[in-house]
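What follows is a set of structures to go through.
In what follows, subunit A forms one complex with subunit B and a second complex with subunit C.
Let's turn to the complex of A and B:
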C-alpha cells in the first residue's frame, strides 16, 4: 500500500507541482489549491488505468480526491 | 423581518475576516474621465489628487478620445439611449449588425455575435456549442470568466499546465475519443502579460482535430502588426475557431463583448447562448462608439505603434532601474515584489508620488508572486512614463529592492 501512496504522490507532483512545494500524503490537494478541480478527470483516468478499476463519477468528488491518502482509500474500495 | 441580527452577524463576520486578511477591496473614486491624467478621491472624503494612471485597460487611449465621444453622441441622437429589449425580441438595430460585420472583418473571422460583456460571452459560449459528449481542455491560468463558462457547460473538462505544449498534447491524446475537443486559452494572459503560443496550438489542434478558443480581451486592437490580436502576431489568422473579446478595454473601454469565429458556432450562440438570449442589448451610443473605434484602428496603426514604443520604453526603464519585471512584449508589465504587504506598501507610496498602480496578491495571483501590475497606454506621453519611472526608482530605493534578486527580496520581506 505504501507503494500506492508513492505512485499517486509522484503523479500529482509531475502533473501539478511546478515549484518546490513539499507534498505529504495528507496535504490538501484540491482545497489547498494544488490540484485544480477541473483536471480531476485526468487523475481519475490515471487511477483507473493504473489499477484497472472503474470509479463511478459520483464517487470522484473533490472531497474524495483531496489528499494522497484519501485517494488511496478510494482506490482500495475498487481494487479487487 | 427576515434579515435578523443573526443573519447580519454572519455577513459582518465574513467581511471582517476579509479585512483582517488584507483581502478587502476598496474603490477609489475618479472624478475625471478615464485618461493618462486623472483626478482621484482616495480615501473617500479626501481632497482630489491629480495622478498618472498606469493601471487602466485603456491600452489605445481611446476611452475619452474626442472622435469616439462625438460618435457616441451622434449615436445617442440618431438611435436613442437604450433599447429595453434583448437582441432577438426587439433589441437589434441596424448598427448592432453593422458592428458585428465590422468586428468580423477586423478579426478576419466568418461571423460575430455581440454580448452585453465579454464575461457574458465567455459564460455563454461553451454551453451553447458543446455537450456532455465533448471535452474542454483549458490552460490553467485562463481568466475567471472562462472558468465560470466552463462550469456552466456539461462537457467534460480538463486542464494543461500554463502554456506547456507537451502537456497539452498529452491531454489531447488522453481525450482523443471524445466527439469534440476544444482547447481554451487567453491570447494575452492578464496577470503576467505573456501570450499563448498560438502557432504551436493551431498545429496541435489540427493534428488532433480539436477546436481552438482564444479570449483576446487584452490583445484586440493592438497586438499584431495591424492590431488584430494574438492570432495576427502568431500568423494564424483565420485558424482560430472561436475568438472572444471585449469592447471594455483597448476598443474604447465602454462595455460589451462578442464571440467571433466559425459561422455555425456563432449561429449556435444566437440560438442558445443564455446571456445573449436573456440579457439586454448593448446601448446604441456604445455601439456607435465602438464602430468609430474600429474605423480609427482600421484606417491607421498609429495608436498601436505608439503603444508598442511606449511599452518598449517602459519595460527598458523599469529593467534599467533594477526592478524585476515579467519578460514579454505586451503592455501588461508586472513589477514583481513577491510579498503581499510589500506590494501594498509600494502601491501606496507610488500613489503619494502621484502614480496610480495597484498591488495584486494571493488569491488573484499565486502565493509568493505578489506584484504591481502596470499597464501602458497609447494615451501616455513619454513625460508620463518618465515621471512614473522616477516614482518607481524613489520608492524602490526606499524599500531597497533596486538591483536585488528575487531571492534577496524574499529573504528580506518573506513570500
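Let's turn to the complex of A and C:
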C-alpha cells in the first residue's frame, strides 16, 4: 500500500460509492459500474488538481481508469 | 430478406391493422403489454426459448426463458397487489440493468400499475422532482440505491413502499421498507392479469425541457402496436435473432425496444450490466453471437476512439443488422461501421414523447450517411416554417420537424401538465422540437434542436435544472448553462458561473461544484466545464442571454445583441 493508492481509493469511495461496497485497489471501477463515463471527468479533474498534472484526454480511457492501481500507474507517468 | 421488404410498397399499403392482426388484437379487446411480452409468447409454444440472457459486471450470468419471464412477472405482480398497490398507481423502477428491472416492468403492467422507470444514476434532487410529480406509490430498488431514496423519504408522504430486491437479511429494514427476493418468491402459475385496454396508462417516462421541471410523458398499452411493428420493420427482429439493445430502461429506448419491442417479438435478448469498455463489448458480442445490435452514437464514437485493432481480436461475424438512436449519427460513424463491421449503423429518429421510431433508415434502403432516413410507413412527417407552421413547398429548406398526430405509441399527455402538452401542437402538427431539412429524394437531414435543451450522449438535460442546482451551491451567485460540442457525446454541459462575494474561482472550487451537481442531479447533468466570469450577458430586462454563450462555445455568429444590457 502506498499513499497515492490510499488517497485515490478514499476519494473514489467518498465520491462515487453509494452504499457500503468494499473496494480494493484492483476493484473494477468503470467496467464494474462504480464510476460511469461522465463521472470519469470529475475523477480526472481531481487527479489533475491533486497531483498538479495534466492528463491528456486520449490517455484518460475507461481502461486506464478501471481500478485504483491502473489510475496510480497513469498518474505516475505525469508526476514530475 | 428483411422483414419490411419494399419500403415504397409498405408506405402505399400501410395500415396499423397489420400489427393488430399479427398480435391477434381486435379494437376494444383487452391489451396488456405485460401479457404480450411473456404469456402470449409461451402460448405460442416458445415457453422454453431463452428470453433474457443477463451478464453482470463480474461476469455472472443469469438466463430466463419466456416461461421464467411469465412466472417471475406473475410473482412481482402478485407481490405488488399484496402490498395493496392498485391499478394506475405509479410504481418506480430505480435499478441498474438487472433482471428485476426488466421483469419488474412486466409485473407492474400485469397488475395494472403504471411503470415509472428512472435512471439509477439520478441524484436525490432529480429523483425527488420526478417522484413528487408522479405522486409515486412504490419504488423498487437495490440496496445500493436505497440511501438516495431514504434521504428524501420524509418529503414523500404518498410513497408507501420502498421495495428492496437484494436486501441484506442481517440489516433491519426501516419504516415503509420491504424486501422482495425474486429468486425465492412464490411464482404463481396463474395470475389474474389486470384487464387493461388500449387507452389504459402503461408507462411514465420523464424528459427534460428548456424551462420548468421535467415532464412525465404518459404512454398507454396500445403503444405496443407501434413498438412491435417498428421492431419488426426497422430493427428487423427475426425469430432466430440474438438481440442486444444497449440502452438503459431508465430511458425510453430501454423500455420501448429493450423490453416491449424485444419480448413482444419473442426474440432472445442479451443484457450487459457493466460499464463501457470496447474490449468487453466486443467480447460480449462474440460470446453471445449477437445478430441485431441497437446502440447509440455516443457508444459508437467511443468504439471508434478505441481504434480498429481491438476489433481484430474478436469474431463479430454474427452481426447481421445494426441500428443507432439517441442523437444524430454522423456520417463518419456510419462509414466507419461499414468499414469495420461490414455493415452500416442505421440511424433511427424518435423521442420519449413519440414512443416509437418515427423517421429512420430501413434495411435494404439506400443509405445516405448522416441522413435520418425517411418516415416510418403510416407516419406523416414533414418540415414546416418556424413562424407560419406551414410545410415548405420546396426541398432543402431548414425548418421544424412536424408529425401528424395519431400513431399508436404517441404520448397521451404530460402527467399533470396538459397545458405544456397542448403547446407541442401547432396547426395540426406535433412538433418534436428539432430542426431539419428534406432533400429531393425525401430523406430528412437533422440540423439541431429548436430550444436550449442539451443532448448529451443521447440524453436530454435541461439547462434550467442544472442552473437551479448550481444556485444551491453556497459560492454561486448566478449561472447560465449551455451545450458545448464534444466528439463522443455530441454535446456536454458547460456552466458559466458568477460567484458570491468572498469566493474566488479556483480548480478546487470548480471540482467541488461539479461534484455538487453530479450528486444532486446526475453524472449526465454535471458540467464538464465551468467558467467563472464576472457578469453574465443579460437583456435590459435582466434575462440571461444563453444564446450568446452558446454561440461563443460553438464558434457561431452572436447575432442580434440589440437587447443586450451593456450594449
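Here is the rule we go by: the second predicted complex is superposed on the first by the 79 of 80 C-alpha atoms of A that agree within 3 Å, B and C clash if a C-alpha of one lies under 4 Å from a C-alpha of the other, contacts with A are read in each partner's own complex, and residues count from 1 in each chain.
Keep this in mind: contacts are C-beta pairs under 8 Å (C-beta built on N, C-alpha and C of every residue); 3 or more make two chains touch, one makes a residue touch a chain.
None of these values were measured; they are calculated from a predicted model.
In the three-chain model built by superposing on subunit A, subunit B clashes with subunit C. Legend: residue contacts after superposition of the two complexes on their common chain; A:2 is shown touching neither subunit B nor subunit C. By the touch criterion defined above, A:22 reaches neither subunit B nor subunit C. Of the two partner chains placed by superposition, subunit B and subunit C are both touched by A:45. Residue by residue along subunit A, subunit B and subunit C are tallied for touches, and C comes out ahead.
In the superposition on chain A, A:36 makes contact with both subunit B and subunit C. Residue overlap on subunit A between its contacts with subunit B in one complex and with subunit C in the other: 15, 18, 33, 36, 38-39, 41-42, 45. Taken together, the subunit A residues at the contact with subunit C in this complex read 15, 18-19, 21, 28-39, 41-42, 45-46, 48-49, 58, 61-63, 66. Those residues of subunit B that touch subunit A in the shared complex are 138, 140, 147, 150, 156-159, 161, 171, 174, 363. Subunit C makes touch with subunit A in their complex at residues 57-58, 96, 121, 143-148, 273-277, 279-280, 302, 305-306, 456-457, 507-508, 510-511, 514-515, 518, 523-524, 526, 528.
Put simply, subunit A touches subunit B in their complex at residues 15, 18, 33, 36, 38-39, 41-42, 45.
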